[in-house]
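Paired with subunit B in one complex and with subunit C in the other, subunit A is shared by the two complexes that follow.
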Partner chain A sequence: MRGKQQIIPYLFLLPALILLIVFNLLPTIATAVESMFVISLRSGDRVFAGFANYNRIFNDPIFWKSLQVTVVFSLIVNPFQITLALGLAMLINQKLPGIGIFRSIYLLPVAVSLNVTAIVWRLMLDKNTGMINGILFQLGIERQPFLHSTDLALWSIIMIASWIGVPLWSLFILAGLQNIPEPVLEAAKIDGANSWQSFTRITLPLLRRVLAFVLVADTVANFLLFAPILLTTQGGPQLSTNLILYETYRRGFLYGDLGASAAMLSVMLIIVFLIVGLELYVLRGDD
Partner chain B sequence: MPDSMNPSPVTRHGKPLRAILQPAIVYCLLIIGVLIVVIPLMWALAASFTPNHKVFEYAYPFSWRALLPVDFTMEAYDNLFARGFGRAISNTFFLAIATVIIGGTVNALAGFAFGRFEFRGKNLLFLLIVMLTFLVPIDLTAIPRYILVNSFGWINTWQGLLVPGLANSLVIFLFRQFFAEIPQELIDAARVDGATWLRVLGSIVLPISKPVLVAAGLLMFISQWNSFFWPLLVAPRQELRVIQVEISLAVGQYGTIWNELLAGSMIAAIVPILLVIPFQRYYVEAITGTGLE
Partner chain C sequence: MFLKRLVFLALFFLLVVAPSFAQDVTTITWLTLGWPVEAIIAEFEAQNPDIKIEAEQIGFNDLFAQIQVRLGARSPLPDVIAVDVPLVSGYAFRNWLLPLDPIFTGDEVEDWLPAAVNAGSYEGTLYAAPISTSTQLLFYNKACFDRAGLMPPGADDRLTWEEIAEIAPQMTFDDDGDGTPDVWGFIWEQMVRIYQLQALPESLGGAAIGEDGLTVDSVINSPEWIEAFTYYYNMFNVWNAAPQGEEFWPADIFETGNICMFVGGPWNIPRFANNADLDIEWGVSRHPYFEDGVAATPTGSWHIGVNANSENVEAATRFVHFISTGEGAELWWREGSGDFPAQQSVLALFATEEEFDELPMSYMRTAADEATVNPRPRAVTVGFLEYEQILQNIFQDIRNGAHVEESLNLAVQRIESEMAKYRE
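Moving on to the complex of A and B:
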């Protein structure tokens, strides 16, 4: 009887576990293996190549440029999104009439896909006829080539990603704010703390875990930004928006060089491990 | 004068200025944010109901007419459906509903095992799933998954689109959390009556699990509806294209038929919006629930 009992949870787990092992765990291991092979999408030939793929990408200025763009992008987009998300969460956490309507409206970008967002913004940012330039025109400012200049394109991508990212991450922070017991903030007020003091000394420390989660999740999500690049700049102009996941796609699926692509993905996997590990270490709580 | 004793200025109605000013600033900031959210959507919606040669007419130079379909026409939607866009919509509905039903079953079973049983290796298995979710984003392993699915002969098939995404650790978390909080007495009573565990799950647990079923269903449906990278790789063939792939390929193919591009985008946007708004409490709980544990 006990033996029979023991087997039941495993049976319940089995379908999910098999699927996760086959489609998630194996491909993770295989990424490392695949990076040692040279394979052609067209002919299907697959030849062991040792570290040749790594050698190729490490000696490839396009790969380094892509990594550099990704680092610059990450260093700007993550603090930008999290700061604004924190601000937005504080705003929609106010107990004011009509706040529910605002919360619903801010949910709209979260429901919409990155693809739709990118398509709409691509047209909004068009250098000749886009609405943003139309608004600048009314303000007497000349047209800006938002997606066609090496100075502006990456910023445009940051704005597009943030249109979804800020409201999305604010939901997590809002949930964290709502977990802060009201009496704690009341007590601070009675003790004479002004709003800034109660924000920095009470709210922020109590949000630590949520902010740590958001920082990790946001960093990983932005590290893997793909659709907006494909749909707006395709990595250009002059590779200035050639983020790393787009580069792996370009290599693997546009040029059929799956080996180099897998090598880059392995490097990315290691980078994700390091980022998540480092951020969790730096932000580790007392518990 | 009492004013001299009061540190903050008082308005005519006797409220401290701060009590009026602060909400006013909050509303101003909220409205600025709302404009940033709403204007692109309003323009895109209006432009999708506009003849193609007039799509940018009021966008540059900007006038408020850009946000309303002043030259209303269904032309873009008619052409889009004549081109076979309905196929992409029905494909995506089919895929998303299949994911909810089959994936929901698979994930609920796993969540039940984690939430209600003690068994050897439980923590290790759970850790494995956590690590896979957190450390190995799905897009990063797409190429070996593609090679694997290719070796099954599943490129450009429904199986290739559906099966790899069925098991979803976020959904397993949601079910686990909810099932763990169900009172033990309910389950014991059914067990004493001789019900099998599958029966306990089906006729005792699931009927009182509506919140988590709605939350998990929304999460699975919307993430499948919005999924792009995997369908783009695994099923680019026209008959199997899902909506996100269809509108995205249209950017290259019919890049200058803007009103159709926007009409397709608005159809792709409206379905998740209509699902999220009425069920927003559930949806917000679904996406934030896993992050706060």
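Moving on to the complex of A and C:
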């Protein structure tokens, strides 16, 4: 009877586990294996090549440029999204007049698919016909090539990613905020803590677990950002938005260089693992 | 009881008898662009009742990635593919295409334009049969010339790029004063594609690729390319006579009167001629050139090939033979692609068919002649896909304001990086 009870939780986990294995673990292993092979261009035969693909991409300036863009993008987009998401969650958690309406509206971007969002933003950001530039012109500001300037394109992608990311992550943080016991905050107030002290000494420490999850999930999601790049800038202008996953797609699916593509993907996965490990270590708790 | 028997008989027919009829029909898949394929398929199926064609029609931008992934994976499908001619050598190099020499007679091969046969061959073997070819003309809206107080060119005139630079800004109008012109002076039909833009440096004496078919350094960043693409940059960024931003299809905007001139293919002639709702007076002239250079006209052809791993080779080759020769080729020209035919016997119809005696369809004769004036095919290289895609990105960047020389140097770096695998 006891043995049977021990098995039941695993049975509940089984469907999710199978999906994880089929759609995550096996492709990851297959990618790592593929990165060790080259495909003969003439015969199509797969030949074991050891680390030749890695050697090739490490000597490729385009790979390093993509990695650099990805790192810069991640360093900006993750803190940006999480800070805004935290602020948004704090706002929604307030009992203000009309907040109910705002709570219904702010989640709308999450309900629209990322692909549709990217296409709509692409149209809105167009220099000649886009709505945003129309508004700028009416305000007497020069039209801006948002998606076609090396100075603006990455920021535009950050904005598009955050349009969905901020409300999504704020939802998780809101759940964390609502789990903070009211008496604890009231006790702090009685003890004379001001709002800032209450936020830094009570709210933030008690949100640590939720923030750790959001930080890890956000990092992974932004490292794997693909659709907005494909649908807006296609890595341009001048590779300024050429995130590593898009470069991986380009190599594998457009140029048919699966070995280099798999090697890039494997390197990216290792980097993601290291960053996530570091984040979890920094945000580790005693509880 | 009767009902039971009826159901049994119906099931027997569906499961046993019907498949035995169906087994005699071979279905082949044809991966192709969004051309009107109904007429050619109907005629072929009528003449070949044992073969059924299923056309998988996809957009121009997706075709290459689809072929790359499916043929690269040695998939037996699609059986037949539309091949953009510069890619023939790359596909043949990878053994993705079936050699086609045995299915055509000497007369059939001789009927094709020699340039098209060469372009469809790799190392002396034909891998893709030509089904169309192309040239380029300057299309213009006469009302724009009137409004700017200028004289439009005649069908046999050839403007210089310098003249285009002078008149295009005069035909760019911001009627509503919103800071963006409502009528643009000029655009290239394929505004960021090497097919059309290669003619710019070639008019100045530049080459498309190095002699080994792989090297681009000192070729696509040569003084001729820098001069040509500075002109291109100026058109969009300095003279502001052509629209920046997203890629679009200029013929649609030309029809609304919002583009005054565009360089485009002869497929636009029947399009405009047959558009009863078209409310503009239009004309054509020959493809422009640089004053100090030579006339260089873009050309390229669409071919059709058989997947080397197809399980229906006999049926697939029969279809390829039909569409690329004789009555099938003529039908494809009349009711299929709308492009120029690659068969000399079909091309000759331009001179004899009454349809082309009067304007505007007589412009087709101008185009037929233009196709013979220094036609410049795209680079022959096994890495054409990478070459084209990277240059497309670079042209889009230059169009939207990127520094010309820096952009071309970046293209060199990227293309050389991709070509490295073909050198090994």
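Following the convention adopted for this analysis, the second predicted complex is superposed on the first by the 256 of 287 C-alpha atoms of A that agree within 3 Å, B and C clash if a C-alpha of one lies under 4 Å from a C-alpha of the other, contacts with A are read in each partner's own complex, and residues count from 1 in each chain.
The criterion applied here is as follows: a contact is a pair of C-beta atoms (placed from the backbone, for glycine too) under 8 Å apart; a residue touches a chain by one contact, two chains touch by 3 or more.
None of these values were measured; they are calculated from a predicted model.
Quick check on the subunit A-based superposition: subunit B and subunit C, clash or fit?
Partners fit side by side after overlay.
Given the superposition on chain A, which partner contacts more residues in subunit A: subunit B or subunit C?
Between subunit B and subunit C, the winner on subunit A residue contacts is B.
Applying the document's definition of touch, where does A:Thr129 land relative to subunit B and subunit C: first, second, both, or neither?
Both partners, subunit B and subunit C.
With both complexes overlaid on chain A, does A:Leu239 touch subunit B (first), subunit C (second), both or neither?
So A:Leu239 only meets subunit C here.
By the touch definition at the top of the document, which applies to A:Leu91: first (subunit B), second (subunit C), both, or neither?
Touch partner of A:Leu91: subunit B, not subunit C.
First (subunit B), second (subunit C), both or neither: which does A:Phe73 touch?
It touches nothing on subunit B or subunit C.
Quick one: classify A:Asp60 as touching subunit B (first), subunit C (second), both or neither.
The answer is second: A:Asp60 touches subunit C but not subunit B.
After superposition on the shared chain, which partner residues are touched by A:Phe146: those of subunit B (first), subunit C (second), both, or neither?
A:Phe146 contacts neither subunit B nor subunit C.
Now for A:Phe137: first (subunit B), second (subunit C), both, or neither, which partner does it touch?
both
Would you check which partner chain A:Leu254 touches, where first means subunit B only, second means subunit C only, and both and neither mean what they say?
After superposing on A, A:Leu254 lies in contact with subunit C but is clear of subunit B.
Once both complexes sit on top of each other, what is the least C-alpha distance from subunit B to subunit C, rounded to whole angstrom?
Subunit B and subunit C, overlaid via chain A, are at closest 5 Å apart by C-alpha.
Please identify the positions on subunit A that touch both subunit B and subunit C, taking each partner from its own complex.
On subunit A, the residues that contact subunit B in one structure and subunit C in the other are 39, 122, 126, 128-129, 134, 137, 253, 258.
Touching subunit A in the complex: which residues of subunit C?
64-65, 68-69, 72, 74, 93-95, 178-180, 243-246, 382, 385-386, 389, 393, 396-397, 400-402, 406-407, 410, 413-414, 417-418, 420-422
Write out the stretch or stretches of subunit A touching subunit C in their complex.
39, 41-44, 56, 60-62, 122, 126-129, 134, 137, 143, 145, 148-150, 234-239, 250, 253-258, 260
List the residues on subunit B that touch subunit A in their complex, please.
23, 26-27, 29-30, 33-34, 36-41, 43-44, 47, 55-56, 58-62, 66, 105-107, 109-110, 112-114, 117, 119-120, 122, 125, 128-129, 132, 134-145, 147-148, 163-167, 169, 172, 197, 222, 225-226, 228-229, 233, 244, 247-248, 251, 258, 261-262, 265-266, 268-269, 272-273, 275-277, 280, 283-284, 287-288, 291-292
Taking the touch rule as given, give the residues of subunit A at its contact with subunit B in the complex, in rising order.
6, 8-10, 12-13, 15-17, 19-20, 22-28, 30-31, 33-34, 39, 87-88, 91-92, 94, 96, 102-117, 119-124, 126, 128-131, 133-135, 137-138, 163, 167-168, 171-172, 175-176, 179, 209-210, 213-214, 216-217, 220-221, 224, 226-227, 230-231, 245, 248, 252-253, 258, 261-262, 265, 268-269, 272-273, 276
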